[in-house]
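Shared between the two complexes below is chain A, which has chain B as its partner in the first and chain C in the second.
After this line comes the complex of A and B, so read on.
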């Protein structure tokens, strides 16, 4: 029988970025907080300590820093009528587990969405007319504006020691930054990191074709830094182990390095690791959460009563918990009714690989996850979607998170996969090749959604989350358009050979190939409870003391990495809880 | 091709290892070791003890050695998989929790699905390799009257290519699935840290110019005009 714990003010499910932010903010407000983390406790020392952390076999094959799929995973299918099968081996996306979550193994690209990204539907309708939007596309405006979030974007960047160059400060353009960005209230906390060769060559190529290149905002510290919480960061040493790895150097921002050192000292904060939350418990009329049921480290089923329940797990698992717990009504693609699971979207990532001669010292093993160069000339309002023929834009970038041979040596297309020719090609290419990527937006559609699988179960006996997703013509067109633009740009660099991997007409979503961990939507924020699971404060429309914080809240995904936006939304929601909800618990927006 | 010179020696090893069952070692491969600059940091103090497989039986071991030798042969570019120790790597790595399904979702039902959904079978990595070797050798016995390891190199290459392209019908396992997992593991071993049993003397890292686990390149980010000058370092702190 359930072992009932003493009631607390708030429970937090998941100790990644959003969990750490909410725990900090709510303990600041004097609340007693218990946080549940399904994985282990982790810290820079000893978990990310050199040299073990840079063992490629452990990091990239055994996936030491990622979620194991053995206990929990999702099932995937392309259409609402197909039978889904499990995501059995890590491929397309890589959720984290353990303290720090995906926030410890991310790369560090730290963007703000563009002002026009917040009002995507109304902006597209205004510019190109209603009929430009495909019938099945269910994109929506965010119920918040860029200006609403600006102070929170800013604060999160200062917590992370984000290194970059502002393009617009208080409405005034700044040389060297992104001229198309939303106005910032101040400069980045740290200047940009130095450019490796690929990033430097990107400046040349982009300028030559008339684009406006700028440094990718990187939460990989370019200098020693102390954040507003007093946490110290050291300058990135380009070790080449960002993506999929914890940072050995206190350089890549993470919950572990930037927030937990403060949190761990707080008496009102308790962290329970190896604790799997099974569901959110609701009162008899289903309008209020009473706490959560979880398995403790010994596997005992326990109940933790709380006044406030904050779902801060990875986006997919937040939606999973809502569906398992009956927080909101499940979405039905046939009728379009229900909201939980609606508007699942992803990221449209594509690559252009370039091979050079022996004199080009690309040195891909020198790596920094978020550092590099990018352009916004094909993103937001800079792109004429009417001419391009699709909704949503994207960015092209030089990014070099670090390569190593277990992670894979790229060889020119047409090379055999083994034997002497492969060896020769690998030896020739390893130091003299690099890639640029196209990171495109991904729209949401009526038929792309999350639900519970009728067949497959997790290790705790619960139905797995089921993902219904495929590439839509709109994203395939975008992929082809953006990759062609990238190839045109790369010609300037005269590589010996290059190849783009644009999506082909009729091609399908392939879960075996890593593309992006930017799984978005499924429990989106909106201004209408009929078409969104959460209100503008990420509060459940249906259960007012449940807030669901994460990329699950995006109505669709833009061309950027989501973490900057996720952090800003977390601070935005925390502010609403502190300043409004705690004073008067109840719905913060009337349905 | 330089591996022609190695054929008799390798055959000799396989014959010996098969007649000496169950005492199977790699010490007798007879393959010439890579010529190396004498460097006290990496040179072993005494001759290495012969490797004794603990997972593979003699027939499997012979297959693995022969397949490794075809997938990454020794040549002028760099070391071959066999002399690098990849067979030892496989024997050890396939016994790890990883190879026994620790991070894969292994629950049924096991449905057939389009290739975009990846491997949907019930075998873990160790089983894929073991079942695959058995089926592959059975195929060779039926088609050619010999085990894979006993076939001439061109025939071995032909069969591996057929498996890679999905053009080989094996009993009980997809040849393509077996091949792709085998190749993956061979490459993993070839390039992984020497502590995993292969990449002897970091020779595979030297071949491609990978500096191993140095993990600090602050002073070289903006250098453009000369190759990175330092050799590799491994997890044990040895310099290659």
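After this line comes the complex of A and C, so read on.
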């Protein structure tokens, strides 16, 4: 080891949401923090500057803000016996890179999980009996409750300037919000964004069917806002460039706009960009991390010793680093033993497309990533799973994040793929169509997991992470059920044509088609070290000075976008580190 | 003929000798009694506050250099000057300066070796610093900062311009004698205004940039007795030093006390932001550290300065532009460029959004007679510096990469003639 850096209190791997949150919290506590980011430094000026950033070709085709799959990627297969092949082009999910990470190119949908989502297994067993859960389904309760996280959900929303309408405050229902949500301690920091036409139509349809529509909580500021850190956000101008892009307007919450301005002024914080962490180093008995090994911006291998190691990379790469470093025991689906890689889950996203006549002006180029409206009437305990025949629920929403010609124009089914008929259909459809989405939960299964690939290696010579995942009957049933409910609801609107893309029985996971970047699990939190890699504070059961922060901690995924939960868990873990771990370093939960 | 020539030469030599002697003739300065305990923590802390108020670090700390070790290049008409080491190093800095040496440098512009200082050192302003404040500053520079053994860099000024004695002539003719410049608080009815005047005219040396200079380079006025005092106009690093007097369109006439205080604290207020690194650095290194009372005093003093004469710009809000843009009637090239490049943030009503996107309608940078800052802003952009009061480095991108000279001219002409501008 040629280059050993002076020891610091904490290293953070990854400068997205969780890295920025932990860096803020730990420097607040007086620690010296060095953060590693594999990509470039990024800030609104100059990296997301208008009008340069609103370039569909660069952002959505050339993927300027996403990770380079030529450097690092995953391999994918459907079953534990198949041979996995590398994910060579962005498709199903889109990990970010650079400062801000996926937190700079997300849409802005900012939900809290429902209280019952935290105790999924016990809730389902209690309501429908133990046998209702399929044999191979390995869902677990979270080792924390909604009430544990409420202050952290709340704080993260205030950091993000989340725009929405509370449905329940201190146990009292509020008109206009989600009546089924967990109780909030106060109203959202900002009121909801205005509705686009498709959202207004959604309100009408949902109410006619008897549902309870409410504004999607959006971290796209509906007004100028100063967050608790003093960071300034600007009002969203509906430009339609959220997902795939950094925000030009200081409107979409991001680590860059909401936390880094404060961190950059701090002397105890050092950010090293273009620095690829290769592994976590452990002491001789493997019980304690001594720091990390990384390649610096010049490509030199360096070691950074530290008292605390915080893995804050994208969920998949947190798991990858644990497997490469020997933090915890790798999961083996045959024996069910080991924990790292266990309970990988995803999101069950589906779409309903509607085409209207020329008097319906959709103006699809206008968009707010997290704006729109949704219903929770088929989610959580609102859904009778016994009748529906599957575990987990989902939400239906009207959301118009903005579209454009390069990103693709949907045309009614039956339209040729080229030629004058396609041109006419595209011209008609672009301005007169909407899509609503059905976002379902995704359960975890014994045979869906993450491991190291035996064949393929990344640019640094390390085995790639291998993903074994496919759609299970449970999720296919859920997809069909929820899409049918959405189609039923949309009939009220009398579109000229309408189509849903529910998953078909026997269908497989298609890695080439975008279905959300909500990859979850793989290093999950739990109360039993035999079935979880992390304890309730996201601390490794095996290496007490390693905390692994991110959606990797979800035992399974619920029907919502994960960012709200990820931020809340980051603040929850940071609080435990500050209030418990720093006073007495060691395992915070006795196994 | 020969005789006449000879006597002329003799006369010239005599005049030269007289002038030279006048230049070299020692300047008498008052002797000050040093404080009993120079290392007293409270005194040193007060000195630090005053050094912040004087923004000494602006020139005496190089980019990425050690504090007060000098070496910052300062462009001047005669060549590049390098600021000096003012740390208490006995070999490289001012560690051997007595209080009286320090006083002579600060208030009179005379170095310990007798050389006169270049005008980059704003001693005509610092001449107003009180004896007590001078002693506190001295205590800070002797005991509050670390000595740095860094040699001064020679100025890149060619002979004969590098001769120092002509600077003494300038000093003796054009700089105020500290006895005359002595600050008299009794001239102001309100003690807060007096405090503000003391800071603005003295350590703040605001006039160094914001007051126009005579051809002989002295500021047109060093206090409110001159109508050009702080009237703006000089170009500083390619930006226009703004008018700090009460002119409605191009000065601070429409600003509240709070607007001024907030700007000095954070580089911005709900409606306006500081443009350019020069003033950005003043906020960053100096004014953000001043107390609320002192910033309020500064604001109150500035608000007492009447408008400077001869302003031609006016602003009267006019809804016609916004109506025309909203209804698609405005199809001049300038308006199209505005919609394509500016309206996303500044909106078609030109009002932007408070706290984030400054209004173009009624904006003093847009209304200024000299459009240099506006042109530069549109072509190159600008970015605020984050600080404790306002950490977000909000900015505007430059558009030079997509606007031709003609486009820029049409766009700026549109902006300068719309919404009542």
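FYI, the second predicted complex is superposed on the first by the 589 of 591 C-alpha atoms of A that agree within 3 Å, B and C clash if a C-alpha of one lies under 4 Å from a C-alpha of the other, contacts with A are read in each partner's own complex, and residues count from 1 in each chain.
Just so it is clear, contacts are C-beta pairs under 8 Å (C-beta built on N, C-alpha and C of every residue); 3 or more make two chains touch, one makes a residue touch a chain.
Bear in mind the structure is a predicted one, so any value in this text is a computation, not a measurement.
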Task = In the superposition on chain A, see if there is space for chain B and chain C together, and answer fit or clash.
result = fit
Task = Check the residue A:452 against both partner chains and state whether it touches chain B (first), chain C (second), both, or neither.
result = neither
Query = In the superposed arrangement, does A:226 touch chain B (first), chain C (second), both or neither?
reply = second
Task = Would you check which partner chain A:50 touches, where first means chain B only, second means chain C only, and both and neither mean what they say?
result = both
Request  = Using the superposition on chain A described above, determine whether A:209 touches chain B (first), chain C (second), both, or neither.
outcome  = neither
Ask   = Where does A:248 make contact in the superposed view: on chain B (first), on chain C (second), on both, or on neither?
value = both
Inquiry  = Tell me the contact category for A:168 with respect to chain B and chain C: first, second, both or neither.
reply    = neither
Query = Touch check for A:237: first (chain B), second (chain C), both, or neither?
reply = both
Vertex chain A angle, Cα centres of chain C and chain B, expressed to the nearest 10 degrees = 80
Task = Identify the partner contact of A:257: answer first if only chain B is touched, second if only chain C is, both if each is, neither if none is.
result = second
Task = Have a look and say if chain B or chain C is in touch with more residues of chain A.
result = B
Task = Report, in whole Å, the shortest distance between any C-alpha atom of chain B and any C-alpha atom of chain C after the two complexes are superposed.
result = 5
Chain B and chain C contact sites that coincide on chain A, given as residue numbers = 50-52, 235, 237, 239, 248
Ask   = In the complex formed with chain A, which residues of chain B make contact?
value = 1, 70-73, 75, 77-78, 96, 98, 101-107, 109, 111, 113-120, 157, 160, 164, 183, 186-188, 190-193, 196, 204-205, 207-211, 213, 215-218, 220-228, 235, 237
Note = Per the touch rule, the chain A residues reaching chain B in their complex are 50-52, 54-57, 61-63, 68-70, 73, 76, 78, 83, 85-91, 194-197, 235, 237-241, 248, 361, 363, 365-366, 404-406, 409, 417-420, 423-424, 426-427, 430-431, 455-457, 508-512
Partner chain C, residues of chain A touching it in the complex = 43-46, 49-52, 224, 226, 229-235, 237, 239, 248-250, 257, 261-262, 264-265
Complex contact set, residues of chain C against chain A = 340-341, 344-345, 353-357, 381, 383, 386-397, 402
